[in-house]
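Next come two complexes built around chain A: one with chain B, the other with chain C.
And then the complex of A and B:
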């Protein structure tokens, strides 16, 4: 073998090595983050963590002085997160699915492409900007921070994700499915609800889960809309807490700083769990 | 003759109404931001607001300018893009070409998906407690805060977006092209360099443009790491503020002129990300069709 060929082969091997090396490095942050949260946070996670509200600074200081675990949990955050995500989902899921059907139905036309473009714009809008919007729409007119405002911000963040996933999934269904149902004389809405949407269930469900998992972890827009609250709150017109808001609050309070690990761990498990379920669903129900 | 039944008509109307909802949201967004920022922009002047770097909330002679935050945003995002480039490109080649369809590729792409799922605030905590002491230890900056720290964490956050999109485009390179090159005796590296990159280059470029759009708007992690000073950053290890981080920091206690100026910053951030995303999508569309 002559030298140039040898050099080329060596180059090829080196390049391959670099690719493998750099790719495997991306695993490090994930493991480092998970490990840090687990190591520092696991002790806090117990029954009280889910049933009690966030402790006051004073309680936390006393507990730390006596060397025991900080009492209390994140119940106000959990209920707040579920309240707001629930309200947002009730609006965003039907509207998103319906707009997605509309877009999948009308492939051409100026109006449909404008809507498609605006959906892309919404999807790319930074969450902090969405926070400003929800503040201007809800907090300012009502004169108070509220769960309603937080849910509004979440709707704006969830909508584009659900619209796009519905549209993409419906587009992937074979045309013959629709035609067969129509040929049997079924009206359009019945074709949609009895044939197309059930066949597209996997894609739709995955889209919804990913949208939910995205808004669950958002902090910035909630700081400007829901603000936070020290007790469990079910009134949609009052300030409400959420798990990411609690993490931010703990981070800014030197006495509560030890709580950030357990609450982050909880949030991570929730979100990554949803992500993994979404991936499983997508694989199982693949069209 | 085709007869539309009543429930069908109703259903189609409902679909249309849902799509109007999106239109209304966008119109309402622009209206809320323009009207909210009007007071500030008209007081300081459109042009002056963008090119002044003073941010002085002292009552009586308030002065607000966006330049330091624009510079901060661009610096952190572009740096982050630079840091993420080698990693996301390797990952894209790893899952899209070298180990396409194998188990290892599945593992790496799951890792990437999970990285994308980690909330911004958790990245911020990690940066604060793990990366910041490292930066101090290496003597890169005294406090550990700053543009460099923020962009390092930001780069990890955007790796998933850049990598998974580029991998799509790398996968789409036609087999015949690659096989043609192999049959001429090219090594794998040469195929990647002289066949695959030219063929999928614009798609890969577009995915980095979209990743840049993500980086520009990231808030929490940057807020926790950049140091939050309102001056024009002078070096890479200096502290600063991005548009997103100053809004997150000061929105709560702001009112009057300051609130209006913050909303103006939000409007600008919105426009910049919209344009960047539009460019990315256009390049992608041209490439796929």
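And then the complex of A and C:
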């Protein structure tokens, strides 16, 4: 009898050990990536990195020949990324939240099921396909690559994330909250905007941040829409750069290899930061 | 059943006339209920689980409409109007509700919770009026002395019993004609329950209260009138002291003796 219990305890320990080992395996890639980026990228990150546009091949070559750092930075990418993500957010957040409200409210209707299904499909659509769509819808008719086209692609990518996170968060709120508000005679919109949405703020905000961090790192759709630009551009109808686009351009230029690491490090920190903020907010606003 | 409505209740605050509610066609969760509810009294609705008591209560402020496919017939007259023909928002302002578990709005402070009925209905108040309402309602529920220094803290920081009293304050802030309570103490400990019961006895000087309760002892302690419902029907409606000492119907007697429920 005692022996079987001992065996069971040993089995338990082995099982627990395997779980610990495998779960730590999943963290290793992230740590390895960060280590690699830090090691190779930190030198290029300085004041100029944030204030100057991407260097030309010639400048980079000359700097490297003399053994100094590559001049210039990714200011055109940073401004482009913020311009396009900002434009996309302005459209995607309200539309996504309203659709999410609708789905949370109509959990059974056929129309809602169709929207829910299509949203899931949209979420699984390859970003390059979305890029092609934005190209056909915006670049072609306007006759030019533009920040507007890039933002359009971003909206399409952000929408399903915001819709579903809004829906899920609202569904998680206790029914009694809605009942309490309605029982005071409040009209539905008032219940939604003054009670339910504020109570769901943590989840909503997290969903938005995750959607933003997802499109921030997208490259493929931007190649077909925003194209890229060597200077800082605020005109939404003109080609615009973005940090991931710059990484792609640096990759294609042997003289700019060092810039890949620093821009990747920057992008990684930006997205990691957004995720950490999202996590904090979700925890703090938990109801 | 007719003898119930014939009872001599003058100036009823609420009249239920042939009220039936069904979730599925052909099957009534509440079946032909007739009753007059006394003004400024506590009326308890008792009965085993699933007897339709909560459904009936929710029909009175039309919260039952949140469930799809629900059908209601008959008349529920509050004041002079049939609430089934009124705008539900208007009905709900006149018939306040307190729920099973305390549900203060988590994003609002204590004072905002009390004023929630005004804010959610876009009724603008002067600062002076707001302060008066907050102090009066919180005093009415015996919470003022406990929270007057922390009015700006979130309502959810309070204990369960305090939260439930805050919810009562929120409901009475709109001066409803009738206060509906759906097992308001079922989630509370005995001390908090006792506190709420004492509070209801005080509140009945100002408000007409209809309370659904699982707890027969509670009905006996605080109510003036008692209804006993079984399988959707109102079996007996009597002065509480008569019902508990001398129930007319055999089913009421069995229920009160704990033979089912």
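Methods note: the second predicted complex is superposed on the first by the 266 of 287 C-alpha atoms of A that agree within 3 Å, B and C clash if a C-alpha of one lies under 4 Å from a C-alpha of the other, contacts with A are read in each partner's own complex, and residues count from 1 in each chain.
One rule holds in what follows: a contact is a pair of C-beta atoms (placed from the backbone, for glycine too) under 8 Å apart; a residue touches a chain by one contact, two chains touch by 3 or more.
This one's a predicted model, so the numbers in the text were calculated from it and none came from an experiment.
Participant: With both complexes overlaid on chain A, does A:125 touch chain B (first), chain C (second), both or neither?
Facilitator: After superposition on chain A, A:125 lies in contact with chain B alone.
Participant: Quick check on the superposed pair: does A:267 touch chain B, chain C, both, or neither? Answer first, second, both or neither.
Facilitator: In the superposed model, A:267 contacts chain B only, not chain C.
Participant: With both complexes overlaid on chain A, does A:176 touch chain B (first), chain C (second), both or neither?
Facilitator: After superposition on chain A, A:176 lies in contact with chain C alone.
Participant: On the A-aligned overlay, A:275 touches which partner chain: chain B = first, chain C = second, or both, or neither?
Facilitator: After superposition on chain A, A:275 lies in contact with chain B alone.
Participant: On the A-aligned overlay, A:187 touches which partner chain: chain B = first, chain C = second, or both, or neither?
Facilitator: Once the two structures are laid over each other on A, A:187 reaches both partners.
Participant: In the superposed arrangement, does chain B or chain C reach more residues of chain A?
Facilitator: Higher number of touched chain A residues: B.
Participant: For A:219, select first, second, both or neither according to whether it touches chain B, chain C, the two together, or no partner.
Facilitator: first
Participant: Tell me which partner A:195 touches in the superposition: chain B (first), chain C (second), both or neither.
Facilitator: It touches chain C, and chain B stays clear.
Participant: Taking the two structures together, which residues of chain A meet both chain B and chain C?
Facilitator: On chain A, the overlap between the chain B and chain C contacts is residues 187.
Participant: Where on chain A is chain B touching in the complex?
Facilitator: For chain A paired with chain B, touching residues are 8-9, 11-12, 15-16, 18-27, 29-30, 32-33, 36-37, 94-96, 98-99, 101-103, 105, 111-112, 114-115, 118-129, 131-133, 135-137, 156, 159-160, 163, 187-189, 192, 213, 216-220, 223-224, 244, 247-248, 251, 260, 264, 267-268, 271-272, 275, 279.
Participant: How about chain A: which of its residues touch chain C in the complex?
Facilitator: The contact residues of chain A facing chain C are 108, 174, 176-187, 190-191, 194-195, 198-199, 201, 287.
Participant: Okay, in this complex, where on chain C does chain A touch?
Facilitator: Going through chain C, the ones touching chain A are 61, 63, 66, 68, 89-94, 96-97, 99-101, 103, 105-107, 116-117, 119-122, 167, 170-171, 174.
Participant: Which bits of chain B are touching chain A when the two form their complex?
Facilitator: 5, 7-8, 10-12, 14-19, 21-23, 25-26, 28-29, 32-33, 36, 86-87, 90-91, 93-94, 98, 108, 110-115, 117-123, 125-126, 129-130, 156, 159, 163, 187-190, 192, 210, 213, 216-220, 223-224, 244, 247-248, 251-252, 262-263, 266, 269-270, 273-274, 276-278, 281
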